[in-house]
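Have a look at the structure below before the remarks.
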Amino acid sequence: MTAGSGALRLDGVSFAVGERCLVEDVSLEVRPGEMLGLLGPNGAGKSTLLRTIYRMNRPSAGTVEVDGENVWQKPAAWVARRVGAVLQDMPGDFPLTVRDVVAMGRSAHKKILEPDTEYDHALIDAAIALLDLEAFETRAFRTLSGGERQRALVARALVQQPSLLVLDEPTNHLDIYHQLHLLQFVRELGITVVAALHDLNLAAMFCDRLCVLNEGRIAAIGTPDAVLTPDLLSEVYRIEASVGVHPKRGTVWVVPG
Amino acid sequence: MHGSVPDPQKSREALLAILQSAPPAPVERRLPGWAVLKRRTGLARGAGGYGLVILLMAAFLLLLLSIAGLMFGSVHIEAGTAVSILLNAVTGDWLISPTWREVHETIILQTRVPRVLLAGCVGATLAVTGMTIQAIVRNPLAGPSILGVSSGAATGAVIVMRWGLLGLGAFTLHISAFLGALATLGIVFWVARTGGQMTPTRLVLAGIAMSSVLSALTSLLVLTSPDPQLASRVLFWTLGGFGSAQWKLLPLPAIALLAGLVIALLQARRLNLLMAGDESAVALGLDVHRFRQAMFVLAAALTGITVSVAGVIGFVGLIMPHIVRFMVGADHRRALPAVALMGASFTIGADLVARTIISPLELPVGIITALVGGPFFIWLLRRDAKGQGSAK
Amino acid sequence: MTAFSATTRLLAGAFSLGLLLAAPALGQAANFPYTDENCGVTTVYDAPPERAVTLSNNATELMLALGLEDHIAGTSYMANLKISPEYEAVYNTIPILSPLVATTEQLIEAEADFVYAGYPDGFSESRHTRDQLHDLGMKTRLNVEGCNLGPFGFEELYAEIRSVAGIFGVPERGEALIETLSGRLDAVAEKLEGVEPIPVFIYNGGEAAPNGVLGNTLLSEVVSAAGGQNIFADVANRYGQVSWEQIAEREPAYIVVFYSGTESGQVVDDPAGQLGQGRVDMLNANPVIASVPAIAEQKFVLVDSVQGQPGPSSVAAVERLAEAFHPEAFR
């Protein structure tokens, strides 16, 4: 989309709050166009790690590089032009329309007094159309259902024209139809994606590679079938599980028990 | 591929292509056409560039109320005379020659005009500040008084009144009120920041705590004072009023308003981002914590200036942003200019009511704004409780 | 034939007559420029003000007592109280601008050049400050009780009279008034010689907690001069909240009920009834002080702000209170 391939590199990233180390010594590389699933039990540090990527948490050690540049040596707007994030944020109770929300994504590209041009509006229109939000365009964002809001936030991320998309538990409020639909959509965008997911099977279905975090450290990283083994599942998730294969798609399928 | 409104029949590929396109060269950048403007406007029922229409209506309302403010007062002056005096002041004797008593001209030009101007400046500043604060703390139920600086300014004034500290001439009380506001600003800033980032919650809690402490301090000063008149003088500061309006008092609030409005408008986009949530705002490219701190300082300074010239006037900063957002939507680029105009109109109107309703006695302006604003605020809370608005 | 011709005698006579007539004016001219240092504001007067407006009843009475009615353009803040009888006729010939403190607009319309307030609330931020009025071409004065934080007695009142007389270039009238007033005070003191002062409570309203007039007020001195002793004279303050228990403990023999013409800034229709008698009823209804001599024997005196605030009528208050406290000394 914009200049930039969307290559992501974490090198020995740690993040501590006071004495507690939430993320410890995480190193990984995501190739341009690759979809990486970030897995791990509650409290493993998935959200914390994602925050270091979109420049919210400053690592106490190590570097985060997007397109070869250390994000903390660049202004926030530079990062926002390359990294789009779909988060679990609680927005304020303001009468923002869906279009207002989507339009926020253009701010990183605009100078201080620069108004939205026809080009900006074309982008916003396209994103709204792509995410099937035309019917809600002038409705208040806060009146939307969880799934509709999620789509609006994805549209907002898209108008940032990112080369890297970060998703923090995007399937939380969605029914199965929308879960599949969203992940399929994101995959077909063709840009680099890092998504924190809790559903192991969905992750296996759509991600090129998986990275499993446990207590802030990487427990495993690789293709789904290499990563999702019964041993790992019992060690990290502390469950007994059988690992099979999806009958139609051939991807890894985890069955608890 | 750029320029036109996308055809709904366009395929996914085409839409994706649009998103992946490069922006046009600077000379080709055009502002959106009417079709897009129509779709952009928010909850305003359906189409219509409501933003501009409402802005014009607000400006017209302001003009009407200003003229009304000049026509009424404790001394009766004919409406026609009032208008003639104004025209004469602006154009000189060649258009309209003076046929009125000189004292009426003095009343209009030396007391009513500065009063209306001060009320307008203060009202606009309070409304813009209120809208900014609501974005900073991400809560539409906040107002300028939540920062604690209103109480700080009142305390600063009361300290001078109590111990009769003079030395700064005619503006002693105003200056000390502003210093009180600044001191409170510093303390709240420090308290909200210690041990972490200045989050909305910490800011609100620090402001409320300071307000309580300062209110108690003010009460203590009044009750232990040998001066029986102190209580009624303090009442002015806690309820607000424009009685002390004079020309030489105007430059500061006028400049403050202008500067504040310009700065706020420049930051309109960023204020929009704050409404999305701290994390999202960061992801959208805003340095949230530094921006919040800077906006807090701006809002607190502007509040301090308004309180130091007119006392604490409540509810303007709280309810005008709501009314304006209801009409033009939450986008600050549209809402801020509108709220400035509406805030000015409301305050001029409230001042007019305050000084004419039980003439010759003058009510403090703060009572009128509270009488109008209080019930409105309750209505707001109830509407929120019933459900988050409704579909169009 | 006489040493002087008729013409010379005529000229001499005319000259003497002229001197006689001009003397006051000449004497007056000698008083100016007059510098008035008043509550932190210094004002220089080159000539007596011609269009004064008073902002309180004691200011009005003081000016009328000095015979300055020709210099008054308007009065204000009498509410529904009555001015003292000796000034009533003259008072009714002067325009009343407002029952409350005159507003800035009313002052401008009256073309005031001198504004005289009896209490500090006449010059507050919510109405008009002295500086604001000064910018509009009006000189101002505040009765010194308004900025005086220590004890305030009749000497201070005389100083106020002298200052106002000086501003209007009539110092001899000021001295004459002071002499009359101090003469009346001396007469009362003579009658009260050897009489034991009785304890008196000066009540300024308040039901849950009573407001008392304390030691640093002229009213407290008035009570002393009338043969009483303000039970709170030892409190070095002007007004304040006391307690019913303290009053019960100090057992006043008389209660002076003090009231003004307004309540919470509103003009009261019948001050003597609603505020004066109303406060008496409140006192009678209070169980804590029921056994106090003043209540048991129903010894109340109503004093409104016309007599209670520092002004020439304060001496009339002394006379009235003395007769009430010690009727036997006046038979």
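Each chain gets a letter, A, B and C, in the order it is written, and its residues are counted from 1.
Note that contacts are C-beta pairs under 8 Å (C-beta built on N, C-alpha and C of every residue); 3 or more make two chains touch, one makes a residue touch a chain.
In this text the structure is predicted, and so the values were computed from the model without any measurement.
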Pairwise touch network: line, ring, star, complete, or other: line
Top-ranked pair of chains - ranking by C-beta pairs in contact: A-B
Rounded Å distance between chain A and chain C, as computed from the means of their C-alpha atoms: 81
Computed distance of Cα centres, chain C from chain B, in Å: 45
For chain A paired with chain B, centre-to-centre distance based on mean C-alpha positions, whole Å: 39
Residues on chain B engaged by chain C in the complex (per definition of touch): 73-75, 101, 103-104, 106-107, 110-112, 164, 166, 169-170, 173, 223, 226-229, 232-233, 235-237, 241, 243-244, 246, 248, 311, 360-362, 364
List of chain A residues in touch with chain B within their complex: 1, 51, 54-56, 75-77, 79-81, 83-85, 87, 89-97, 99-101, 103-105, 107-110, 112-113, 115-123, 125-127, 129-130, 134, 137-140, 142-143, 153, 156, 158-161, 166, 189
Chain A-touching residues of chain B, taken from the complex the two chains share: 2-6, 8, 10, 12, 15-16, 18-20, 23-24, 29-33, 36, 39-43, 46, 134-135, 138-140, 266, 269-270, 272-280, 282-287, 325-326, 329-331, 333, 384, 388-392
In the complex, chain C residues that touch chain B: 40, 98-100, 103-106, 108-109, 111, 119-121, 124-129, 131-132, 135-136, 146-147, 149, 216, 236-239, 241, 265-266
